[in-house]
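Right after this note come the structures.
Heads up, the next two complexes both have chain A, just with different partners, chain B and then chain C.
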Partner chain A sequence: MKKVLKWIFWIALGVVLILIPKFCGIYYTNFFVGFAIMAVFSQALNLELGYTRLLNFGPAMFFGMGGYGTALALQHIPGMPLLGALISGVFLAALLALILCPLIVRVSGVAFAMLHVAFSMLLYMLALKLRAITGGEDGIAGFPTPPFSIPGVISIDMKNPLNFYYFAIVVLGICMWLMWFITQTPFGQVMVGIRDNPKRIDYLGFRVPESKGLVYILGGAFAGAAGAVFALFQNLISVDSITIVNSFTPILMTMVGGIGTFFGPILGAAFFQVLEEVARHYTDRIELVMGLMLIIVVLFAPMGFMGLYRDIKAKLAATSSDIKI
Partner chain B sequence: MNILETKGLYHDYSGLKVLFDVNLQVEEGERHAIIGPNGAGKTTLFNAITGTLCPSQGKVFFKGKDVTGAKPYQLTRMGMGRSFQLTSTFNRLATFQNVRLAILSQKGIRFNLFRKVDKMMDITQETLEILKRINLDEEMMIPASLLSYGKHRSLEISMALATNPDLILLDEPTAGMSRDETHTAVEMIKRLTKGKTVVIVEHDMDVIFSLADRITVLHYGQILATGTQDEIRQNQAVKDAYLGEAKV
Partner chain C sequence: MSPNTAMYVSQGIHGIAYGMVLFLVSSGVTLIIGMMNILNMAHAAFFMLSAYFCYQVIAQTGNFWLGLLLAPIFTAICGMLMERYLLRALKGYGAIGELILTVGVSFLIIGLVKIVWGTSYLQIKVPPVLDGLIRISGLDYPIYRLFVIALSFLVLGIMALLLYKTRVGKIVRAAVSDSDMVNALGINIPLVFTLVFGVGIWLAGIAGVAIAPILSVYPGLADQMGMDAFIVVVVGGFGSLKGAFIVSIIFGLLSSFGVQFLSQLAPLLMFIFMAIVMTFCPHGFFGEGEEE
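Let's turn to the complex of A and B:
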């Protein structure tokens, strides 16, 4: 019975995703792609922040790396296929994580967080000053968008927003599923173990620094994937993606949605995207509205929406068992 | 054969000398207790053996190999398990998940990203068996932090045992337990550590005299005496330093 319901849910979700462009128009279709990118970005951060408690305060580094990797590959390598460009972005982000992780897994807590702020500032300045490569403040724009093609089988034009929507949703959906799968594996158990009690994980015979490093690289790679899709989506990548603001957006989304839960970051991303969209109609001071909402959520639901949901469920269960007595 | 041996172990915390020329010998298969008044250096000795800290001087031998300064995870893989004086479990994880992590490590499943852990039936089965043996099968879905104190301590000890070590170091396993809980815990330790080498730090004399084959008395970082229960009871130095005081 439960299995049937699960299948019905997935099929319904698939149908909704397919039909979104039909009923919502191009504006809201693109709005949905924006949300999906942020959801994957937040989830990648959640793997580190929520599941393993690695206080990564500079996730935008990896997002930006993914974007620049894809944009540079498309700009400089003629005949670069779409998936190849995407993979170069992911690879570059993972490479950055790999380079940083020998240093970073040895520190924890505040030092870990501060090192990330420092490194993302460093990368921001590099992207700003290395004009020849990154285009400085203007970023890289107008790079070619190749069609999605399997030679001899199929070739889909990606300049068509509708086709790009399906492409982005499939890529981001796969990323999301992979991240969910990781949390279900034995390694996912080690991750939450490190969050709860790294000393004990060590005494059980697991290698703590190496495990942290792997989470870090995985998180970086998925953030890079979000960045790569973002660059293709906007046909632009600029230093704005590496700013501290872009680092804190997924942190806020994760916190508000519910840190350490799988649906939290998705919910948080949806909440902030919709809030921004609604607020835009009434005021130019969007940050003010978002800040206000953040204060309200932190005050009344410190564990985010998922925490609130859990509390309400527990309360309801408690009252119904009271009646039985 | 000595499974565990320390040779001339010294340790000081920035000038405060805690261990002073400790030569401990633990034979394979015995239950060895370390007793001593508060601040005698028992936990420091444990930490120096299990890799939490590196002794300032001296050597630790485990199974005949020099393991001075080895990391905890290396020692665990060599077959050393330890429990903590202050309960140290994964508090937000269910009891079941706590034990399962120990089993996963023991099976060498450490970086597996390709299979769902819930689908690994052999792991689940083994975890359930251990939970049953320690009478925690009814509480297996409860987060470890919500267990009663006694049950939480049992979980702590059983996680050390679940990695299937040859040498088990228990740091005050019955600390803070009620008399009944202590009795149950002692029975459990006896049952679960059959045929294994156990080193145990304890304050409770009843526990020590019902568990230990041999006893080492630690006093201000030095070994005062080592021997069987009777030898320790008769030892004048021990009486003066420790047991005598307890009787007054």
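Let's turn to the complex of A and C:
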């Protein structure tokens, strides 16, 4: 029974995703792509922050790396296929994580967080100053978007927003599924174990620093994937993507949604995107609305939406068992 | 005196003035984090709010000294209200709720400031006594910056006396090391927390007023200072006033001489310094190791 329900849910979700452009118009379709990018970005951060407690406070540098990698590949390599560009972005972000991880997995807690702030600031300054490569403040814009093609089989024009929507949703959906899969594997259990008690995991014979490094690289790669899709989506990548603000957005999304839960970051990203959209429609005081909403949310759900959901479920279970007695 | 020396002296004074203001802000952050374990992301927003309060007081009364006196007190009252009615409601839910809440409050303050005062740059005039330059042994010193340094030392002196020579100070220091135990001894710790929070915000408020005539008042005033203050607290070690002081002065000098010699890379120096310190002593200069 449960399995049937699960299948029905997945099919319904698929149908909804396919039908979104039909019913919502191009504006909200693009809005949905923006949401999906932020959801994957937040989820990648949640792998580190929520599941393993690696306090990565500079996720924007991986996001930016993914974006710059894709944009540079498309700009400088003629005939670069779309997937190749995407993969080169992801690869660059993972490479950055790989370079940083021997240094970074040695420290923990606040030092880890602040080192990330420092490194993301460093990259921000580099992106700003290395004008010849990154275009400085203007960023890289107007790079060609090649069609998605499998030679001899199919070639889909990506300049059409509708086609791009399906492409982005598939790529981001695959990323999301992979992250879900990772949390379900034994390795996912080790991640949670490292968060809860690294010493015990060490005694059980798992290699804690190596596992941390792997999570770090995976998180960086997925954040890079989000950044790569973002660069293709906007046809622009600029230093704005490496700022502290862009680091804090997914952190807040993860925390508001519920840290360490799989659906938390998705909910948080949806909350922020919808809130910003609605606020933008009615007022230009976005900060005020955001601040008020953050305060209200945190007063009623201090552990995020998923924490609230858990509390309500526990309360309901408690009352129903009371009735039985 | 040679122009070279003059440059060193004037940049040094700029650096120390900035460092002292930075210390006023970061001492509040480090007191609050050391005692209450709250990373107050709204601290810099209060710093900015105080500068606006000062502008308003001057607009009403035309008196800079009154602004210097009243604006930090108003700001501290706002901070204490936030601690009493918002932060305390989140007790027992851990750091995440507090972090979101303080970010929310800082958004709120920035939004309100933009509504009330607009986004333009507002100038604050210093009284004629503090305006201009003073000539000591052949070198010109800007009086206002010297005043900022003196004011900061005065405030710090009073704070140090309070903290190390009085009974209240003893309670606060005890609460920093173990607040549960002090609470068990029959001291009203929630009240002490509110007071310390207020004092921390008050220090930030004084810094806000002190920096306002130099940088002028605008909503983005807090961005740079907030980031710098957190870096100072982390590098100096949580809860360590001594660490915050030394690192603030180092940062002030780094930024002023950095602009002089490596203007391209000046904003980076601080982060490079932090990265090096964090790599080799992860708890900061004077921080105690956290228990994992």
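The criterion applied here is as follows: the second predicted complex is superposed on the first by the 325 of 325 C-alpha atoms of A that agree within 3 Å, B and C clash if a C-alpha of one lies under 4 Å from a C-alpha of the other, contacts with A are read in each partner's own complex, and residues count from 1 in each chain.
Operating definition for what follows: a residue touches a chain if its C-beta (ideal position, glycine included) is under 8 Å from a C-beta of that chain, and two chains touch if they have at least 3 such contacts.
Since we're looking at a predicted model, the values are computed, not measured.
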- Message: In this superposition, which partner touches a larger number of chain A residues, chain B or chain C?
- Response: C
- Pick one for A:Leu214: touches chain B only (first), chain C only (second), both, or neither. first
- Task: Return first, second, both or neither, reflecting whether A:Met303 touches chain B, chain C, both chains, or no partner chain.
- Result: second
- Task: Look at A:Arg200 in the shared chain and tell me whether it touches chain B only, chain C only, both, or neither; answer first, second, both or neither.
- Result: first
- For A:Leu122, decide between first (touching chain B), second (touching chain C), both and neither. second
- Task: State whether A:Gly188 touches chain B only (first), chain C only (second), both chains, or neither.
- Result: first
- Kindly classify A:Met179 by the partners it touches after superposition: chain B alone (first), chain C alone (second), both, or neither? neither
- Message: Which stretch or stretches of chain B touch chain A in the complex?
- Response: 50, 71-73, 76-77, 81-82, 88-93, 97, 100-102, 104-106, 109-118, 120, 159-160, 163
- Message: With touch defined as at the start, can you tell me which chain A residues reach chain B in the complex?
- Response: 181-182, 184-190, 192-193, 195-197, 199-208, 210-211, 214
- Within the complex, which stretch of chain C touches chain A? 86, 89-90, 93-94, 96-97, 99-101, 103-112, 114-115, 227, 230-231, 234, 238, 264-265, 267-268, 271-272, 274-275, 278-279, 282-283, 290, 292
- Once bound in the complex, which stretches of chain A touch chain C? 103, 106-111, 114-115, 117-119, 121-122, 125, 129, 198, 244, 248, 252, 255-256, 259, 285-295, 297-299, 302-304
